[in-house]
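In what comes next, subunit A is part of two complexes: it sits with subunit B in the first one and with subunit C in the second one.
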Partner chain A sequence: MGKNGPIPTGRNGSPGPAWWQARKAEAWKKFQATPMPRRQDEDWRFATIDAIQLGDFHPGSKGKTAESKLLARSSASFPHAAKAVFANDCLLHVEGGEELAKKGVVFESLGGALQKHPALLEKHLMAHPVDLGAQKFAALHAAHASAGVLIYVPKNVEIELPLVAFHWLDGSEAAVFPHTLIVAESHAKVTVVDFLGSTEVDGTGLACGVNDLLVGPGAKVDYICLQRWGSKVTSFQLNSTRVEKDGEARSLFVNLGAAYARQESRSTLVGGGARSEMLGLSVGNDRQEFDQRTLQCHDVPNTWSDLLYKNALDDRSKSIFKGLIRVAPGAAKTDAYQNNRNLLLNPEAEADSMPGLEILNDDVRCTHGATTGQIDRDQLFYLMARGIDPRTGAQLLAHGFFEEVIDRIPDKKIGEAVRTFIVEKFASMKMQRTKEEGMGPVRKSGKGSLPETEVLDVRALQGLGT
Partner chain B sequence: MKCALEIKGLKAGIGGTEILHGLNLTIPKGEVHAIMGKNGSGKSTLAKVMAGHPDYEVTGGDVLLDGKTILGLEPDVRAREGLFLAFQYPSEIPGVTIANFMRAALNARRPEGQEIDAVEYYNELYKKMDLLKIDRAFTSRAVNDGFSGGEKKKNEILQMAMLEPKYAVLDETDSGLDIDALKIVAHGVNSLRGPKLGILVITHYQRLLDYIVPDVVHVMVDGRIVKSGPKELALEMEKKGYDWVENLVAA
Partner chain C sequence: MSDTELQEKPDLQIDQDQGNFSYPEDYAFDAGTGLTDKTIDYICDAKEDPDWVREFRKKALKVFNEKPLPTHWASKDLENIHFNDFRYYLSKGAKPKRSWDEVPDDVKRTFERLGIPEKERAFLAGVEAQFDSEAAYSNIKKAVAEQGVIFVGSREGLKDHPEIFKKWFGKVIPTADNKFSALNSAVFSGGSFIYVPKGVKVKHPLQAYFRINAENFGQFERTLIIVDEGAEVTYMEGCTAPKFDSVTLHSAVVELVAMKGAKIQYITVQNWSPNVFNLVTKRGLAHEESEIKWIDCNIGSRLTMKYPGVILKGRKARGEVLSIALANNGQHQDTGAKMIHAADETTSNIISKSISIGSGRATYRGLVHIPRHLKGCKNNTECDALLINTESRTDTYPAIVTRGEGNSVQHEASVSKVSAEQIFYMQQRGLSEGQAMSLSVNGFVNDLVRQFPMEYSVELKRLIDLEMEGSVG
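The block that comes next holds the complex of A and B.
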């Protein structure tokens, strides 16, 4: 099999109903018929396509980590009403579903939903378009999806505590296809958090996930995806959000892991008063690449969307942002914002930003913007003048840079969990650096003083040293 | 070991232009000295050079902290050695709370793995805030973000109180303050005065020195100290104007 060859199918094919089988077969055909994307394709501009290697990974591959260990690691730091845990797409544990069922709420693994709620699944599963470039990978997902949760919240039911799902990649050749489907009926309310992670920090593998948020009239859905796959993983996260009249969706994608992480997010506003807030946070180091493609579709009058994606990039990491606000003919009084901000923590890091508007109507308010900058020297000098070393200072500034996004998460405890994840990412970067420096000539640790060459060069402040 | 902040024949400038032309000044620990000077005399340059701002280059002389040179040290190292600069224009840092910022600054002074205990930290912080008559809600605000001129300067003094430097340089701490804010800031500085701290107050106006009464006043003209004297010199300066000293220098 070539390096970009297909993944063998059928290894985890659950039997399921006929429509399920038929869709899988059709998706597999589509996957095979769709060519691999090329850098020349508009939707893949700037992306390092070479990083995408499918052939080395296998669905249903067995992990090597003990189930008890995985379960112990699958703990959220905030109170939650239900939890599901998957490892290499196998369901390990699910809790909280029975209690929720008393209110008519469904919290089921896809396998469970296939048996108990096939009609719901048949109606909503991947019913909305993925058209931001990764069609081939959406097809791959559809062909293999077996893990993940269906969340259905009936009319007027509000769930205060978040529902959480953990997806683990375990072993060196696994492929996983996490799926999250949230259906919130009229005036329902729910918050869902996905934790995506590898058992090993430098783990490899393929992750190809889809999350669909279907927000009914007046409903409120908050979705937070915390991605920290191992540092060699190839990741796709494809999101489709559809908001009806007076509904409110809010999604936050936190990208910390993976070698290449492509994230597509599409919000479609189909009813007056519909709102969608689209948030993103990434911290890159080494040669990580975060590839973000977004679409804000305003199909009818009086809708609102606000996108804010922030990336902090160290070492030679890279982000690509391509966003589009599309206002359909007749969609008057559209209020749409799109903002991509990138903070380069290292002069060798790179951010490519392509914001865009397509407005087919008058009487709208749309603004978009993109900024990329290095650490502000005056701010850093101010921190250093208080005794804070430049690297810690730069990280403090990066945390400050992210606050604008974290602050928008209504559940403060989830916000705190996001902060912790970011702190841990920075800590792992520091450890990695220390390890690398340890192999070179002996240097004093950064705490006491900077390495001697930098002490003599006050201009090191400019480039933030090594 | 001499307990003083000593500036010896300091020559420094920016972009190839020399601004300080061999400046001499000694601030013994426990004393408060004031530098008065017109705009453009090099006052702020002196403050930034001492703190190690990367835009400025030192071409001669030395700055010694308790007998040890600090030139050539990174700004953060100088700060940890005990030098504090209260900025004329403190940076705004959105998203970083004063509480987190101060904690990072204190942890920078402690060995790795021995970070300050949260309870101990807040006790200390609130004690200092009470001393300086600062509202406790202040700590959850982002550093200087949207602060009034008075709030920014109060924040500088709070940091000085928390970090307990050996020497503090206050760069035009009175600029942009109304009289009430000035009194609060001066009260803060006065409450920190003592045998363990040397203070250099840099100002354009005599007004501040009514509230922070210095032990010694220095007059700076064109990158040099041209006259030093007791606190009454400030009043004389105010009465006779800077032209008087400039004429003295020319004579």
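The block that comes next holds the complex of A and C.
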């Protein structure tokens, strides 16, 4: 793709100001000048680089699904304050913005924001580093981005109901570049949910999205990204989160779709008391590959971060987790935690884990853990002894494995939606390993009661901090 | 408090003193400075190498020249190694002596100052003492030799026992494994060759001692240990060098082969002077139901890069790495472990503890690989880092690949500092701050040190006490 270069105009007809055009041209140059990742690049270790298909996908290609049908499918199961719907980067529908504007809140498509709030956009759009390996694709995004929303919440304004955006990939040769920019001023509060999906389950295409969460002093931002691209899509989701003094960010990336999905998430804590919770949850089947790279960047004293990424992998699917906690020399009293847990549902599945630490200060509490294992046979036996068939039993246990993550979403209705998505994904999978003959001899469970530990429990992950 | 106690930084020379001396150079063989095909020819001629070895070395030199430095993941400090400034072969004669009386006086004095002959009498089954490129002394106790145990230098190994040597040499660590294994393959000299026959359990440890005496020198020993079915051996190595202003390079290759049911324990206490680049490749091949255990302790050197590994090739084989690293001012200890599972029901365990003092940097780098089609493999990895001063640094970079059925891995790491409450508590009971710090650090490594042979654990505790002196800033 990409011979056609950056899109000179906003998708919805606006040509865009000069700075916008200049940035796009510059990003396009950078994309062309940056080489494709190579196998020996540390940031791409274990990744199947051949799986990255930039192919013959075209930004702005016409979809074949009727608008009304797409709009009908774009419904969230939980109450929300505003909604925007995009298909192949075209804005189809936006609602709720006027009501929010009364409080000074901005909820605009990028096209709309370009006309009404150019200063906000110019100041914040991709102003923060995306540097965990996918720089080339961040540049590609910057060159093409035209769809997505700008959310701006002024000082002391709290929005209780979530704001949602739908992005659809439609047709066989589309490329989309969903953008989400959240700016929460001091003591503002907002929850945003992105739904990413293809019109067809086995859809193809390229998705290259960026989301920036800018959390002001004392502000609270919750961001949930539900990725359900078609099973042949190549996907990039690049996140940069920046938290100021006493701010709190929480992000959850649910990865269910795509053939190759690279997700980068970076939290930079720049003010004392800043907190970032980074959550991930993936269910893989077939030959899906989830490539996750994270960075917890502690630049100043007294900051907190907690990362938990869980992957359940069936068939020949694969997950790569590479995480790093980086504590700057002056960042005393850092409290950072990083945990990657993988559940292999099939002997052919693969989990690669690289949990890293770089600590340049002695007065910290930093721990990390990584575990990979199978469904606990004793627990499965327990369920089977109560008449639950092994397949259902294994699914129940896998759901249990994810509960720890879902539980951490404060909005219980959103949690319920995540649960539904996971149930649907499992329903579409053949859980071959859970067939009775495939489980091998089931050992006798010593205890008569349900084990208190969860599927894969590793205790003693606690640090020795003071 | 006296002035010396008020020093902010620890006095690093204390523990180095034991090894920090050198004697004037007087070598019969000197390959000169730099590394070319001619250097290889000189080494081969001096050592009277057979043709296949000459060919092996020349091929390796090509590989070495072609391979880039691994600075895309490793320390940029590697760029400060100027390979053409080193001398690659220095010896007073290629044949080691069997009795200390025959060893040249200055060399003998060196090892006496390091206490080697004394230790040999006290508790060792055999000793080899390498001085620059060649072993000056090599001896094995009669009773052990009579059991059929072979303990000689690599030169004697390849000459006198080619049938065993050739079978395994370069098989566990191929020449092209990495740039430094290629360098070693080109210019190797010294090191040990050990063969323990079926069922023989060598009661006392075999010891090798590596000594660098000359300036601008590179030491490239090559060790190959083969332990036959059901046999057992413990091998210990120690190393020191005098402190020079210029860079010294130590790049060894160590290959272990444990046949069915065999046990190998390999213990290293590395205490090179702070001008030494210590870039070592160590790997074991564990056959069915065998066990290879690396106990690796790194205290000295400027930059150490060493990741002892085990290829678990046979069912129920077990690999273990216990690692202690102490990084003081200006030092970077980049250590870790590699566990390659290649058979069902294999298990591996990695325990790493590091302590960073002053501006020291300790890095754990690890690889655990469990491929598909394997069943019932287990790995446990624990990395704990202790940071003593504000500017101390630690990194952890593990990589874990898991596939297959019924396999489980767990990795955990923590970073902490010495608890102020603990120090306060001990000071209340009359200990000085320094003593309290030493006690605390010794407590941190205690469960690992206890697994070391007695002589080494005492030595290690003493070294830690010394390194900790004055480190409270």
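Operating definition for what follows: the second predicted complex is superposed on the first by the 415 of 466 C-alpha atoms of A that agree within 3 Å, B and C clash if a C-alpha of one lies under 4 Å from a C-alpha of the other, contacts with A are read in each partner's own complex, and residues count from 1 in each chain.
Operating definition for what follows: a contact is a pair of C-beta atoms (placed from the backbone, for glycine too) under 8 Å apart; a residue touches a chain by one contact, two chains touch by 3 or more.
Given the structure is predicted, the values throughout are model-derived calculations rather than measurements.
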item: Contacts of A:Phe46 with subunit B and subunit C, given as first, second, both or neither; value: second
item: Which of subunit B and subunit C A:Asn342 touches, first, second, both or neither; value: second
item: Superposed model, subunit A: greater residue contact from subunit B or subunit C; value: C
item: Partner chain(s) touched by A:Val270 [first = subunit B, second = subunit C, both, neither]; value: neither
item: First, second, both or neither for A:Leu161, with subunit B first and subunit C second; value: neither
item: Partner chain(s) touched by A:Leu397 [first = subunit B, second = subunit C, both, neither]; value: first
item: Residues on subunit A lying within both footprints (that of subunit B and that of subunit C); value: 456, 458, 460-462
item: Contact set on subunit A toward subunit C in their complex; value: 40-42, 45-46, 329, 332, 342, 344, 347-374, 440, 456, 458, 460-466
item: Interfacial residue positions of subunit A with respect to subunit B in the complex; value: 376-379, 381-390, 392-393, 396-397, 399-404, 445, 447, 449-450, 454-456, 458-462
item: Subunit C residues within the subunit A interface of the complex; value: 72-73, 372-373, 375, 384-385, 387-417, 419-421
item: Complex contact set, residues of subunit B against subunit A; value: 51-54, 72-77, 79-80, 84-85, 87, 90-96, 100-101, 104-105, 108-109, 111-112, 142, 159, 163
